[in-house]
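Letters A, B, C, D and E name the chains as they come in the text, with residue numbers starting at 1 for each one.
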Amino acid sequence: MSTSSVLYDHPGPRARIRNNVLSVVFGVGVVALLWWVYSKFDAAGQWEAVLWKPFTEPATWTQFILPGLWATLKAAAVGMVLSLVFGIVFAVGRLSDHWWIKVPAGAVVEFFRAVPLLLMIFFVFYGVPFLIQGPVSAFWAVVVGLTLYNGSVLAEAFRAGIRSVPGGQSEAAYAIGMRKSQVMQLILIPQAARAMLPIIVSQLVVLLKDTALGYIVAYPELLQRGVNDLAANKGNIVAAAMVAAAIYIVINSLLTALAGWLDRRSRTRGLRVPRQTRPAAAADSTPEGGATVSEPQG
Amino acid sequence: MHVFADPTNFDAYLSGFLWILKLTGASAVFALVIGVLLAAMRVSPVPVLRGFGAAWVNIFRNTPLTLVVFFCYFGLFSTLGLSLAEDLNLNNYWLGVIGLSVYTAAFVCEAVRSGVNTVPTGQAEAARALGLTFAQTLRIVVLPQATRSVVAPFGSILIALCKNATIVGTIGLMESSNVMKDLLNANGDAVIPIFLVFAGTFAALLIPTGYFFGWLANRLAVKR
Amino acid sequence: MTTGEPLIVLDSVNKWFGPLHVLDDVSLSVGRGEVVVVIGPSGSGKSTLCRTINRLEPINSGTITFDGQPLPAEGKALAKLRSEVGMVFQSFNLFAHKTILENVTLGPLKVRKEKPSVARERGLALLDRVGIANQADKFPAQLSGGQQQRAAIARALAMQPKAMLFDEPTSALDPEMVGEVLDVMTSLARDGMTMVVVTHEMGFARHAANRVIFMADGKLVEDAPPTEFFANPRSERAKDFLSKILTH
Amino acid sequence: MTTGEPLIVLDSVNKWFGPLHVLDDVSLSVGRGEVVVVIGPSGSGKSTLCRTINRLEPINSGTITFDGQPLPAEGKALAKLRSEVGMVFQSFNLFAHKTILENVTLGPLKVRKEKPSVARERGLALLDRVGIANQADKFPAQLSGGQQQRAAIARALAMQPKAMLFDEPTSALDPEMVGEVLDVMTSLARDGMTMVVVTHEMGFARHAANRVIFMADGKLVEDAPPTEFFANPRSERAKDFLSKILTH
Amino acid sequence: GGDSGTGSGGSGASGIVGKAEGQKKLVIGVKADQPGLGLQTGSQYEGFDVEIAKIIAKGLGVEEGNIEWKTTVSANREPFIQQGTVDLVVATYTINDERKQKINFAGPYFIAGQDLLVKADSTITGPEQLEGKKVCSVSGSTPAKRMQTEYPKAQLQQFDAYSKCLPLLENGQVDAVTTDDIILAGYAAQDQYAGKFKVVGKTFSEEPYGIGLKKEDKTGCEKINEILKAAASDGSYKAAWDKTLGKSGKAAPELDTTKLTNCGSV
């Protein structure tokens, strides 16, 4: 609401009437459209009981959807942790003072941001085995692909985040005698992680969604198990896809809501880093962003 | 490189990227239009419009694009009977464009909305204090300044769109990822060169695009 | 200096931000040509008071009349009212993507639909009056704070307002630039402009104000001529505030 | 108040930002326990001068010695020097993600490797000294500007510095909070801390400074005891500046 | 999973025979989405291919519980074998010369033929009538390739799984689904499509299903062929059929042991 008041005045009586009329007209339009879609689906027999009945059977859930969901979450969780690590390492690399760190780090990040994930997963699965002379499982193909791509995006986000920390913060840290690495670890990265939280989480949502590309290497994730395989058994592909979509939407919305909550909380408390009651022990080796952000996936 | 010396393969490679470019081009236009409309709804004073915009963004941002494209095919085309072209490839192309557009529009909407939010409140207040109407404030003061801060996110969205176009391969369009898949299958001995050619083409297309948008954003940035 | 019926009248105005009572039964009238300075501690509601007068903030109860008319709630009438009340902000709020001259002529061109040549001429004259005619074609970011604030005053004056509202116009400025802005304001006051000025510049209050109003916790606590107020504040709150502000 | 050899000595210091000559052959020495106030128009190089002393800005030529040693250029030695020179900024720069107490103890813990209990105890004592012991567990954003700046002073003092640099410590504050920060600074001065203070608060300069330095265009134009400087500035620039600052 | 087979050479002890003897384990790739042949129902796989795979494993001395099943799709079978992700592939795997360049085939254990699945009331009786019609198949599969090369006038819709073709056939967006006849029969027999489709019944290719394994593993290949011979005579082959595809009423085919491959020997 506070964002909207930037643009327009507090509505007067006429404006309120106009807004209400618009609300009703548009609302009716949307409902009519939904009804039309519903009845067309009905006419096509998409609501027939035989298509939906499988979802009332426990086996559908325990054997298809839940294992698929578990595989999705597993790949996403591992991918998230690795991308955060990758992101922080390469962000710091790109901010290095040494060109021989900065340039290669930049090249890696730019390359992986530009290559479609589909190609990457494909390559890791079919190409890398030739390089390492050994098989790569579908799980790792998906996770490595996700990590390289999302890690690169996060690296850029972190870099922007670190640069968006007001200069005064690092100056104040230098002024009390901190070294560069201390400033990075104690001041810049924690604050960047806070500031970038919304971007980080939306990237994590992207990552979770992208696990769906695992179908290309037959990784048994939600789309593969809950839609393709389930439909092969029950022939209800559209219904199965609707259920899968609903699951994705719910999980991702929860993730987004969690991010919003964390963000609001840190805003109202200044810029608080959770779980930081021990200033002495904080952030010695593990970057704090990693632990806090990926928590919900566990 | 013997793989691409074969004219059939080379043609497949070219037509794969041609599909990608066509998908990107058409979807970019539609996504921009829809996204700006959605953003207008999201910042409007009408709750239902705001709700609609928010619902759109939440649904499409949270669903895998693969599923969105899938619904375009099986929902719009197969169930609702929306046929866009007699030719199968062309039909799939347009269904892909619809999927990419509605999906990308959600991201465009958010970019525009946050662009509007980067314009300091004071700018709109000063405009209103002068007696400018809502439309004038938007047109003369807010949008010109928002546009400039939206350029960089638009660049990232365009790049993502181009890469996402490969997902239209799931409904059978022979775009570059499908072509690469076929070539890899047929040429198990040349896996790495094939990947490097395809990935390299994307990099050659998209890295300069990224730099171009960065440059443009810098040039247009409002000095405060 | 006051003549005829008052220009701005607030009657029992109340305003809440959620649970916060920001304006608590405020009544105030400002005569034509009068200069009223509003002071008070941070958060006491000074800015809010100022902003209700051109309805940048709507109020919850009470009435505000301007030039005999109650404030319109919306639409053309509200825009017209606002064009008659100039407003100057603490942070200047010049349009960052327009030159100084464009900033000054925007209102006359778009709101008043004046001819470009006329608007331009008056714009240049006003920039001259506030002493920055030579900066007309620069962008706001290229000017010093003092120059920006003077441009903002010119922008408000370009609409030929009946009254001007100033919300801490000098508190974002480097000290040596405060003077140049206060000079422009003083000359405006001398020319008979009706002004409501929120400021911490006691010098300005002393020599340019007709009345000083002291606010605390959303209430209008004192309302007195400056000499009287500074020599002998009646309330404890005012005494305390003045002692903090004047003794360093 | 000065005893023995001076603590800070700048000798013919020059600094350019690109083509801009920001410090033009500046020589200055500050004795132990001395309080030097630096004033001058915006952009004259006051902040830069201040920041060269703990080498937040490197210089192009000349020498700076602190406590008899030339400033180290980098590494451990530089970090050690900085920990011996406290610095207070205009915008407080408290670490936004740490509580007030954590802000104050961070340096002792991470730079000095003190024991947590020791650091905590001294931190609390310092917060008490600046009058905000009851805010120890809040985050910076929850404090008023005046409280934040006092916390920033405590943070600098926690390193037990030999000298303190203040760069316009009160100019981002609401007027009624300026006093509380100046009070802390005055008491520090009284306790014999060596201080270099960039400020526009002439009251503080008058009653707490041993010397006032006036800068203009990167040059050190005047250097005199406050009574002498305010009563009788020698240069035109200083006269002009004082007239702008003191007459509103 | 699957640490098998890396560097396994032609000599018996290090191929699948060696692995089966040594580790008593096998990784076998099967389809997951083809009713009647290889269908993953929850954690289980079932179908004719799966039964054949069990017979082979048994012949190699590996117990059913020690088989690790891996889902393969048409496109990833060769890479899986070449990289050692799986030891064997029994996944509607047509033996052809192109594939023989990369891997070795035992079998065939079944001769399928490409056919068409159409609506029950369709007038299409063979591939010649597909000109200008829309046909659905799976990308990377032999039937799809044959459509492209031999019947280029038909429009080909490709998906990653046959299960996606069926709703299109049902709604009339495609006129036919093409692949091997027994795969089509498996789909046509599914409950929710019962009575809606028919298999045209005029095969226009011969698709000998083989068992894929590493190109060097000649010994393994020969061993599998022996196991198949035995299965043909001891009735376990027929039992496998009856348990799966046989349920549709179709009688078990004869396993023609004279047609077994020579495992790459010249």
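The definition used in the following text is that contacts are C-beta pairs under 8 Å (C-beta built on N, C-alpha and C of every residue); 3 or more make two chains touch, one makes a residue touch a chain.
Since the structure is predicted, the reported quantities are computational estimates derived from the model, not experimental observations.
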Set of chains adjacent to chain A and to chain C: B, D
Reaching chain E from chain D through chains that touch each other, fewest steps: 2
By mean Cα position, the chain sitting nearest the middle: A
Of A-B and B-E, whichever chain pair has more C-beta contact pairs: A-B
Distance-maximising chain from chain C - centres being C-alpha averages: E
Computed distance of Cα centres, chain D from chain A, in Å: 45
Chain B and chain C, separation of their C-alpha mean positions in angstrom: 47
Centre-to-centre distance between chain E and chain C (centres being mean Cα positions), rounded to whole Å: 84
Centroid spacing, where centroids are CA-atom means, of chain C and chain D in whole angstrom: 36
Chain E, residues touching no fewer than two other chains: 79, 82, 160, 164, 167, 171
Sequence positions of chain A contacting 2 or more other chains: 9, 11, 15, 44, 126, 130, 215-216, 237-238
Numbers and ranges of chain C residues touching at least 2 other chains: none
Chain-to-chain touches, reported pairwise for every pair that qualifies: A-B, A-C, A-D, A-E, B-C, B-E, C-D
List of chain C residues in touch with chain D within their complex: 41-42, 144, 174-179, 182, 200-201, 203-204, 241, 244-245, 247-248
In the complex, chain D residues that touch chain A: 54, 56, 76, 79-87, 89, 91, 93-98, 102, 105-107, 109-111, 116, 138-142, 152, 155-156, 159
Of all residues in chain A, those that touch chain D in their complex: 166, 168-169, 171-179, 182, 186-187, 190-191, 194, 269-273, 276, 279-280
Interfacial residue positions of chain E with respect to chain A in the complex: 1-2, 6-7, 32-35, 39-43, 71-73, 76, 79-80, 82-85, 160-164, 166-167, 171, 190-193
Contacting residues of chain C [partner chain A, same complex]: 55, 57-58, 72-75, 78
